[in-house]
């Protein structure tokens, strides 16, 4: 009874929340827009080094966001592998012996790799970029993983950690390189914007794929644990 | 009324649905689904609302891309935590805690 | 007009999948519906003239999240059937999967 | 010079996060020592620069505000950067000794620690709403990772709960950002303020402010939304608890306060301000009450955080539609409260960790007789407690005094009663611990002596919290420095 | 900074530094600890004597700096501060000597002496505070540093007493803080000034001023053990004897009484306080406390508890003297600040000696103790007679001056209170004296210890005798310059003719 009442109450609250939110959106939509940001953006596109505006925003105008965002991803990866067990990769139970999947795998994996490469390359002037490519790459990895292909580099060893850190480090180095020239943090040296962005995107693709894959495989089968503080054990 | 605004409104409803799920459902994976749904709602508002005025706007689109990556990172971390938690306690929800005097929706 | 119809349908489908993903009794089905929701979101992004997000949503939102969650569900499900500690957790799980 | 300092401040924690990711625990510790040195040096340098020349806007990537991201480097921000440097290095040094280096997963402590630090710096300096969101997520995720690190089922439960609360809070904040962007077409706080100054406010963005503040209040653990905090802070390792209580909850509060001070006058209203103040008061009373009931030492300290966070939210009513001088008084009081609570709570958690290590149990009543054998840690704990009870001459007292003045000056005397009652209640739960430690019972000679460096660190922090009261005038004067507005859009 | 600025800081820092050094020394460093203790006490006494001399000749000692926006931290010395500072400096030295003997071979001595010095530092700060804010700073510090002393023994009873003590004093502190903050927001940063600040206060704020005064007195009255707020004091008796001595004679109760004097004289001003109609009720309350506590003392069987109720009653003399709003009565009240301190510390030292040497805690165990411990018993007898007010002892001076003062301002009822109180004092002290000297020993003492030639340890033996002698001397030589009486006259002169 109390449970039902609670559910009702929460449902009502959520409906009210949606209604208020909708009303707010309606009111804001009724206001004449203030945004001159996209205009400003197109004026500055020529200086950004890429043709695609979303990529320009992500990797040049608001690159600090992206830098921190990769940081978030790496954190998730770290937290993930901190809980994994080294031998989980050989766990035969986790292999799928589905013939369909096996067939899929043979045809799909090369296809997906090509797709990932295309997405990465496309990012400069049309939709696509590091995230999409990284995600596709990760998906490929997941497929391979489900197919039981052992991936040595996913063991929580130095190699994995290097992989996690690679994209982020390159980005960070690119960010700090301009400081030596007396410029602001994250400012690309003049003329270097395009190649730098391209390099960053490629390593980011690898790193993103790596992190997502690592998170996918870090199965929680680590039995060792810390005692709680103060536990006499 | 433009399609953008329609999607923004849909986003508002998705936020409501997601919030309900986060508060009411007890199974942790369901909470995670709810979080993702609510996130999608927020992203819809984020893109739909400005585009109502000015048409396609790359800035919020870039923000949403960032947001999606953050969301997947959080989701992945949560899945790892939940699986490990399940492995150790045999439970997939936060309720039924013995030592907490104040169990609650969050 | 067709556009409006399409948008309306899409929005309806989005809300419906979202709601059923949360309310579905079976966790596995909930996740499948959630993947469908992610794909619909990708379509919605296309409708919002945001192809970048559409790509990302399809790859990350629907694809990876879906796989991640499916894997987790099967793991949690598997575990439960063979779990050594079934006694401790089963009464709580019951309501979710029965 | 300033450019170098800024770059150093942003670069070092991130770079050290990567470096320590590649090492094991012991090497990570050595690398961290260097990093702490660099970071403290850079923070101090930046603080001195700002104290001399005033604040400025820093354009990241060379792109100015509406298009790019700008950092707002003012007196308040650099003070918090310096505070972070102090507390985080203390926690880092403590952790290096405290944490068991033989467990392989503890190597991941260092990268998470450094990511947390960089997130904190990003939040203190942030002037862009969305960038603040990413900074918040950076903090939340690394904090959750730290809580969960190698933990058992209870720690995992606490961290999952923490993660869910943090995610919900972030989403609410992001929703507010979406509405703000929809209304104003900019993400820069300064840009929004500029717009609000020249136009009359409409009703729409009011909800945005409400959403952002609610989300941030959830991440700060304001009263009805506080339930995630005690388990997470109570169960984490002591240095982690110290970081979480001292800095992490402050980050979200800092954003909420900045937003309120920037937009509150135009977008807020009296009822909302009073309501937030009321919840803060409820947090003070309820948190203290629960702290009195806890049997675990660290739970007492964690609930004390809930109570102390309540004070912070008195900022909202005390700055809304009051005269400028009273608003300034309230802001100064809250700033001091943030600083002194950060120092005192960090000292307290670290000292509590030592005490737990020493008596081998985390229960309060296990402390009997410890005052004879571990007086130093107990003394640190006590000194930190003086600041938490806001007794003179601590920084907590200075904060309370300013808040009392602000509440009496604005005619809102009821907050003064809350402040006094809160002080008494905090005395109640803290003296419960002292009382336990003073009890003399026989056969209690089985104490483990932690190493000296573990004992010194909390003492230094506690002394800083205590001494803050004497230098508050100087500390506050840096915050009141002129701010070079030419960088604003 | 000049010497005039440094001296008050120095006086404060001596005890503070002593406390820190003691905390830093190891528990076993007995000799070093004792020498630090005694050295600091002597040094401080010298500094205080120098300052007393200076204040008498009109030197302005003081230092101040801004601590918070709008609030200054002020240390300065005037005649009133030096009275309190002098008392605490003299008695700290004696109590330290006594405590060294008393706590021989007991555990946790480092903790004890560390907090003991901290407590004295706070007392010094209270004496030298130049405004209410600074006063409050040290007032709360005193609360904190006495708590570990009260619970020092760590027994269940001590812990309970400590809790009661905290509940009372911290609540009082909160009330006091509220009042000070209110006054500050009303009138700004008020430094203590002879004649006060509110002689011609705006009538609009009269009502607030009255309320603030009530709150101030309530806050300070907790430590001064004014009638409904006195409950913690008898319980705090479980503390070791030197602590009780310090608590009752110098630090805690006097801090409260001293604060009330400061509020009446240097914040509000006597004139303004009596114009606001605040002093008459205060005097009634004080008079009632005197009689009530004396009556309660009659029924106490525990020696220290009886002394505690006696303290409650005696401290109210100070407040009564101030509240009568006449110069002569004020002299009587102020001089009692010193007199009561000296006499009460004598009595507590003696009580401690009985407990430590013979194991005596209850009055009915004291039969014939005068023969076993003649020195201590002589001291006790002098103290008791002083309390009763027998001429020519210190207590007599107080009562005489106060009585004349009351007559001078036409408050004849005070005479009745004084006489009644003296009779009650006699009624609860004389039976003890009778038991000491004129009863036969009942048998073995509860726990007897021997120290060779002297009746007790020399550390314990000399301090009470010395204070007993002082009790006689300050009574007999009351009219000399620098005697408590002359000093009190100096204070009152400066207050009434600023």
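Quick notes on this structure:
Letters A, B, C, D and E name the chains as they come in the text, with residue numbers starting at 1 for each one.
In this text, a residue touches a chain if its C-beta (ideal position, glycine included) is under 8 Å from a C-beta of that chain, and two chains touch if they have at least 3 such contacts.
Quick caveat, the model's predicted, so the values are computed rather than measured.
More C-beta pairs in contact connect the chains of A-B than those of the other pair, out of B-D and A-B. If each chain is reduced to the average of its C-alpha atoms, the one that sits nearest the average of all protein C-alpha atoms is D. For chain E, the chain with the farthest CA centroid is C. Distance from the chain C centre to the chain E centre is 75 Å, each centre being the mean of its Cα atoms. Chain A and chain E, compared by their mean Cα positions, are separated by 70 Å.
Rounded to whole angstrom units, the spacing between the C-alpha centres of chain B and chain E is 65. Distance from the chain D centre to the chain E centre is 43 Å, each centre being the mean of its Cα atoms.
Under the contact definition stated at the top, the residues of chain D that touch 2 or more other chains are 130, 134, 137, 141, 144-145, 148, 152, 154, 175, 179, 182, 185. Residues of chain E in contact with at least two other chains: none.
Within chain A, the positions touching two or more other chains are listed as 21, 25, 28-29, 33, 35, 37, 41, 54, 62, 65, 69, 72, 75-76, 79, 83, 131, 212, 215-216, 219, 222, 225.
Pairwise chain contacts present here: A-B, A-C, A-D, B-C, B-D, D-E [touch as defined]. On the chain D side of its complex with chain A, the touching residues are 3-4, 6-7, 10-11, 14-15, 17-18, 21-22, 58-63, 66-69, 100, 103, 105, 108, 111-112, 115, 118-119, 122, 130-131, 134-135, 137-138, 141-142, 144-145, 148-152, 154-155, 175, 179, 182-186, 195, 202-208, 235, 237-238, 296-298, 353, 356-357, 359-363. Contact residues of chain B toward chain A in the complex are 5, 8-9, 12-13, 15-17, 19-20, 23-24, 45, 49-50, 52-59, 61-63, 65-66, 68-70, 72-74, 76-77, 79-81, 83-88, 105.
Across the complex, chain B meets chain C through its residues 3-4, 6-7, 9-10, 13-14, 17-18, 20-21, 25-27, 29-30, 32-34, 36-37, 40, 43-44, 47-48, 51, 55-56, 61-62, 64-65, 68-69, 72, 75-76, 79, 82-83, 86-87, 89-93, 95-96. Partner chain B is touched in their complex by these residues of chain C: 3-4, 7-8, 11, 14-15, 18-19, 21-22, 27, 30-31, 34, 37, 41, 44-45, 47-50, 52-53, 56-57, 60-61, 64-65, 68-69, 72-73, 75-76, 79, 83, 85-86, 88-90, 92-93, 95-96. For chain D in complex with chain E, the touching residues are 329, 332, 371-372, 375, 379, 386, 391-393, 397-398, 400-402, 404-405, 408-409, 416-417, 420-421, 423-424, 427, 431, 434-435, 438-440, 469-470, 472-473, 476.
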